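What follows is a set of notes on a single structure, which appears directly below.
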């Protein structure tokens, strides 16, 4: 049974979400719809990319992801389907694909060319994306959905700046526990630090080692570890790091490494 | 596979929703349960009717909708099932059916007469509505669920007032993007305006044309268009119209049309 | 088709929930995942136990419940699976099982011993609990998941104190309607009161009888009844009892019974 996921900024109070689900089930009863989240901040494409980027690798091959954020198209930012790592992504080519795939080029990119049944242009997720998803879920060819194009619109995501003794990254996400997720990857940090000692600095907080688990430090103490998506995370065991440090998305996180 | 939808004011923090779902799956494993929303304001039957009215036409024939808002019955407002446009609606006949069907008479109306297994009368959605839904989902006859009645309790929904040069409507909904949805239908507005010029007025805001898409006006500008449910909608491209205009549900929206 | 439920404090804005669902569907496509709630207050194990305790009896035999609250294990609080009333419960043995089963001993208790594929220890729900759930959903033996142990860690839940003419209980939950749920069971209250008159006291509010339904009292009046889970509930017909009385979880509720 094909899986279609939904990522949107529709919230969970209105009829939009149910309309899309009903419409999909009406066209193809034998499909599984999974909500990623509908609580993306209105129009926050980067947040949608962050959440979906971390969710999709868990899904089986062939999963179809609808991105219902900023779904109004224009000539420069057309409705698009990308095929990447054996999964399908349907959305508007406003940079979200570039953030989602971290600059990698998807195996196939199609500019969506299917007719909308209604005259209204305000609900593309139901009237175009769902239709494309149903086509794919029913085993239809990707190429039948439009014309192939060679690239997606680029949008640069912030990468940490570093020299051999210092990394300067930023906070990219605060999660539901108020844990702080940075853009400093495990690969970058471990590659630079090797066996040297180091100090992680975020606002007034300082941490000198990477732990395996929150509980490796006493309650109420800051802890650094790698998150489930292998990014440097600053948390507080049984506490809320972000409000206590007074930091938010975009704030700096520095790793100072002992000089060789 | 039959579809049962749930619309309620239970929220998403408590066990009520899971209890209803578990109870349905225990009685009939082979069914698909779809959440419409559980964030209806407590007891706000009109809001439940608005959301479900706009969601249900997207669902396939035979879908069964449970309305878990104000579900306590009384002699005057009994538990009721309506069959309307080939779908089933189970709820309390407190006016919600009348709002949902906009005054149209459902093809069949049944006053629910099934025994509740528990002594508690506080959880009708689980103990009566779910049972009725399971009966229908399993292919059971509607008529077996109670006695036929000829009408539902009426509750008047506000219709716009108009003469040949002016429409006075109200705001019926503010959506998750803070877009303003009015009760002025596309049919009414286009039927009156024809080729004349017109001005839409809502608090201090004025708009002189209907656009096809939010992006047809510059960012931060008011735009009027028809919503996915063909009602006049006032929005702000990439902005939040309702708080900026300072309006809410019930406030007036006027369309002044050039005299012939 | 096996059912796996999820109870967590992950919220609904992040990728955690979708990652767990995707991971389950990738391992076993033919399973039904049901959300209990993801709005448990961070680390509030007692709240998780309350919600799941009231939800699970509605589910069919064989249902598998994942408890994703406080899921970090330690030597004293290992990851554990309990088999209780023909359903499976997977979580961390930090007292939540004891609260969930109200001190009853589950039929089987297994200390989870399955290898985690990732090096990260921050996401047990995806990397261990889901794997165990998939094993059970696929028909695998419980005993293959680890070693049998004889008991779970105890955590005392507050029971009402009473003599023959008086019950002193506490508020254990405020629901979405602001109804007040106490820890005084129907069994205890009816067993003591018999045919005597009584008075229920909560802050300034006083009620002298148990009603069958909210609507048995006039709008805006306090009403006492037994909730769907057979606990004494104080509500206000068409109103919000908890904020009006100014009470919250942990506050006292007294039943004074006429002396014999």
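Letters A, B and C name the chains as they come in the text, with residue numbers starting at 1 for each one.
The working rule: a residue touches a chain if its C-beta (ideal position, glycine included) is under 8 Å from a C-beta of that chain, and two chains touch if they have at least 3 such contacts.
Since we're looking at a predicted model, the values are computed, not measured.
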Co-neighbours of chain C and chain B - touch as defined: A
Rotation angle superposing chain A onto its copy chain B by C-alpha atoms, nearest 5 degrees: 120
Type of chain A:chain C copy interface by residue overlap (half), same or different: different
Intercentroid distance (Cα basis), chain C paired with chain A, Å: 32
Set of chain B residues in contact with two or more other chains: 12
Parts of chain B lying in touch with chain A, wherever the complex brings them together: 1, 3, 5, 12, 32, 34-40, 50-60, 63, 175-177, 212-215, 225-230, 233, 238, 240
Touching residues (chain side chain A, partner chain B) in the complex: 9-23, 25-26, 29-30, 42-43, 72, 74, 118, 120-123, 126-127
